[in-house]
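Below, each structure is written out as structure tokens.
Each of the next two complexes has subunit A plus one more chain, namely subunit B in the first and subunit C in the second.
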Partner chain A sequence: MFCKVINHDQQNLDSYLTLKREIQLARKIQRKLLNGEKPILINSQVSGFSIPASMIGGDYFDFYPLSDGKVRIIIGDVMGKGIPAAMLMILTRGAFRSAAEVTEGPGETLTSMNKAIFKDLRTLSSFVTVFCADWDPNTGSLVYANAGHYMPVLVRGNTETFELPDLKGVMLGGLPDQVYQEKEIRLLEGDTLFFYTDGIVEAQNCHGEMFQIERLHETLMQNAHKTASELETIVIDTLTNFTEGLPQKDDITMVILKVGTGKDQQR
Partner chain B sequence: MFTYEIIQEESKSIVKINGDLDIDVTEIMQDEITPALMERQDIEFDFSNVPFVDSSGIGLLMTLINELREAGSQVTITKVSQEVMYVFSLLQLPEILGREIFVDLKRDFEPVSDTN
Partner chain C sequence: MSLVMKEEINGSILNVQVIGLMDYSTVDNFMVEIPDNITKIVIDFSGLDFIDSTGIGSILSIIHAAADRGIVVTFEGLNKETDELFELVGVYIIKEALLQGGQ
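Right, the complex of A and B next:
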């Protein structure tokens, strides 16, 4: 009997260690995919950063180099968190990479992505919100499309913050055969564009208060002159101070695009 | 702390939801609320005490409503706060589930433009 108990405990321990090892490997894979090669940009910086709430997460960002020095940027949030969300994040990444190669603009990319993964997402009762934009550093043009995601915040001249002109679109997996519209805005030298997921504005402190968009605007405005990587650290530090070490409830992801002042600013 | 209460008023079942609708509600939603409502024809979800929803909560809500509709129930959602309705609108939930499900929508909110 004693022997059987030991064997049973040993089996549990083995299963636990196997599971732990596999999750750590999955985390490593996800981190590598998220922290892939950053695009070489003329006169601008682009950077992304993600912290999962669990070992692995469902948030996603990516950069896809286009012709003429342009880059397609995407940020997304898969419903839920942890392993299930991470699996769907990989599905979303594959759909983006395939679509980015053959589509003309961000609207067409989202249309193609929804077409590719709609049935899978419906079968799994899930969905993904994404915001996608084409940045042209030569002209300052940013063309964007949205599938149910928060609009990025633009900081202009260290004095003004506003969200990009609103553009609605159904989240991926919401409805079939969606056609996503595009809008265009001209960015200026010194502008900082901050893409984010809801884990930032919905981070809570021990009093149940959320960080909210107003605190994000304030943080960005006060620190817009910093580099993209410095700004990432400042946002995370500000969130950590706000939540006073309370466990992170949702994945946190940001992408920062900074329009430079004449020199190549590749990170 | 998430709680719910089902009140029967003649043929209508009113489900009063209290608390945040997020991933922590998954088990209650799937194991308790869904089976409890399966045989009911006319169901109203009262959202007056729901201060916050996140994407996981919306996913749970969509799944619940789709399952109830497939089982033949008629479902409505009432008394949604402006903060929660902002998130619903951002994800275009009225377009996905049908605007008729949100009985307060016309009174409190401007129509959301179509993407097509």
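Right, the complex of A and C next:
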């Protein structure tokens, strides 16, 4: 009887350790996929960072260099948290990479992604919000499309912050056969474009207060002169100070595009 | 913070009241069984404190389940933040599209 109890406890411990190891491996895989190669850009910088709320998360960002010197940028948020969301994040990444290769613009990319993963997302009662943009460093043109995601914040000079002109679109997995529209904006020398997921503005401190979009705008404006990676660190530090290190419920993800550094940049 | 659900049937209308926090940690408590003979579901959000993407996923599941049976879903008591969030992710467009039976 005693031996049986010990064996049972040992089995539980073994199962726990195996599970822990597998989750750590999954975390490693996700971090590697998220923090892959950053594109080389002419006269601009791009950077991205993600902090999962638990061991692994459902937020996603990616850069896909296009043949004409442009780069396709995507940021997304899978419904839910943890392992289930992480599995769907990988599905989303696969759909983006496949679509980016063969589609003309961000609108067509989202249309193709929705076509590819709609049935799976509906079967799982899930969805993904994504924002996708083509950045052309040669002309300063940013063409974008949106599937239910927050519009990025544009910081112009050190004095002005505003969201990109609104563009509505249904989340991926919401409706079949959606056609996503595009808008275009011209970015100027010195502009900083900040893409983000809701984990940033909904980060909470111990008083239950949220960080909110106003604090984000203020932080971006005060630090608009910094490089993309410096700004990334500043936003994370500001969030950490605000939350006083309180564990967060949601993943925190950002992508920063900085225009006009005066020389070619590689990160 | 927790999530409380109150359901009431008035004739062929199912009223669902959502009170508290509707997120990843509480959404398992959100289970709506749609009885036979229901023609309309009214979801009252006036007691809702916060909803995240998981909560929106549960609302979408009701919309889809109702649409499969030809049942109309309406929302009441939405605050500005939740209204804007539903607008942003496309909940209203999905609701209308399914109501029209076009998708």
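We take it that the second predicted complex is superposed on the first by the 266 of 267 C-alpha atoms of A that agree within 3 Å, B and C clash if a C-alpha of one lies under 4 Å from a C-alpha of the other, contacts with A are read in each partner's own complex, and residues count from 1 in each chain.
Definition applied: contacts are C-beta pairs under 8 Å (C-beta built on N, C-alpha and C of every residue); 3 or more make two chains touch, one makes a residue touch a chain.
Note that the structure is predicted; figures quoted are calculated from it, not measured.
Engineer: Is the arrangement of subunit B and subunit C around the shared subunit A a clash or a fit after superposition?
Structural biologist: Taken together on subunit A, subunit C would clash with subunit B, as the superposition shows.
Engineer: In the overlay, answer first, second, both or neither for which of subunit B and subunit C A:126 touches.
Structural biologist: A:126: touches subunit B and subunit C.
Engineer: Just to be sure I read the superposition right, which of the two partners does A:76 touch: subunit B = first, subunit C = second, or both, or neither?
Structural biologist: Neither partner.
Engineer: Check whether A:52 is in contact with subunit B, with subunit C, with both or with neither, and answer first, second, both or neither.
Structural biologist: Neither partner.
Engineer: I'd like to know which partner A:176 touches here: subunit B for first, subunit C for second, both or neither.
Structural biologist: second
Engineer: Examine A:168 and indicate which partner it touches, taking first as subunit B and second as subunit C; both and neither are also allowed.
Structural biologist: A:168: touches subunit B and subunit C.
Engineer: Looking at the overlay, what does A:105 touch: subunit B (first), subunit C (second), both, or neither?
Structural biologist: Once the two structures are laid over each other on A, A:105 reaches no partner at all.
Engineer: Does any part of subunit A touch subunit B in one structure and subunit C in the other, and if so which residues?
Structural biologist: Common interface on subunit A, subunit B vs subunit C: 77, 79-81, 125-127, 129, 148-150, 168-171, 174-175, 198, 202, 249-250.
Engineer: Taking the complex as given, what residues does subunit A use to touch subunit B?
Structural biologist: 77, 79-81, 125-127, 129, 148-150, 168-171, 174-175, 178-181, 198, 202, 210, 249-250
Engineer: Can you list the residues on subunit A that touch subunit C in the complex?
Structural biologist: By the definition above, subunit A touches subunit C via 77-81, 122, 125-127, 129, 147-150, 168-171, 174-177, 198, 202, 249-250.
Engineer: Using the touch definition from the top, list the residues of subunit C that touch subunit A in their complex.
Structural biologist: Against subunit A, subunit C makes touches at 23-25, 52-54, 56-57, 60-61, 64, 87-90, 93-94, 97, 103.
Engineer: Under the touch definition given earlier, write down the residues of subunit B that touch subunit A in their complex.
Structural biologist: Residues 22-23, 52, 54-56, 58-59, 62-63, 66, 89-92, 95-96, 112-113, 115-116 of subunit B touch subunit A in their complex.
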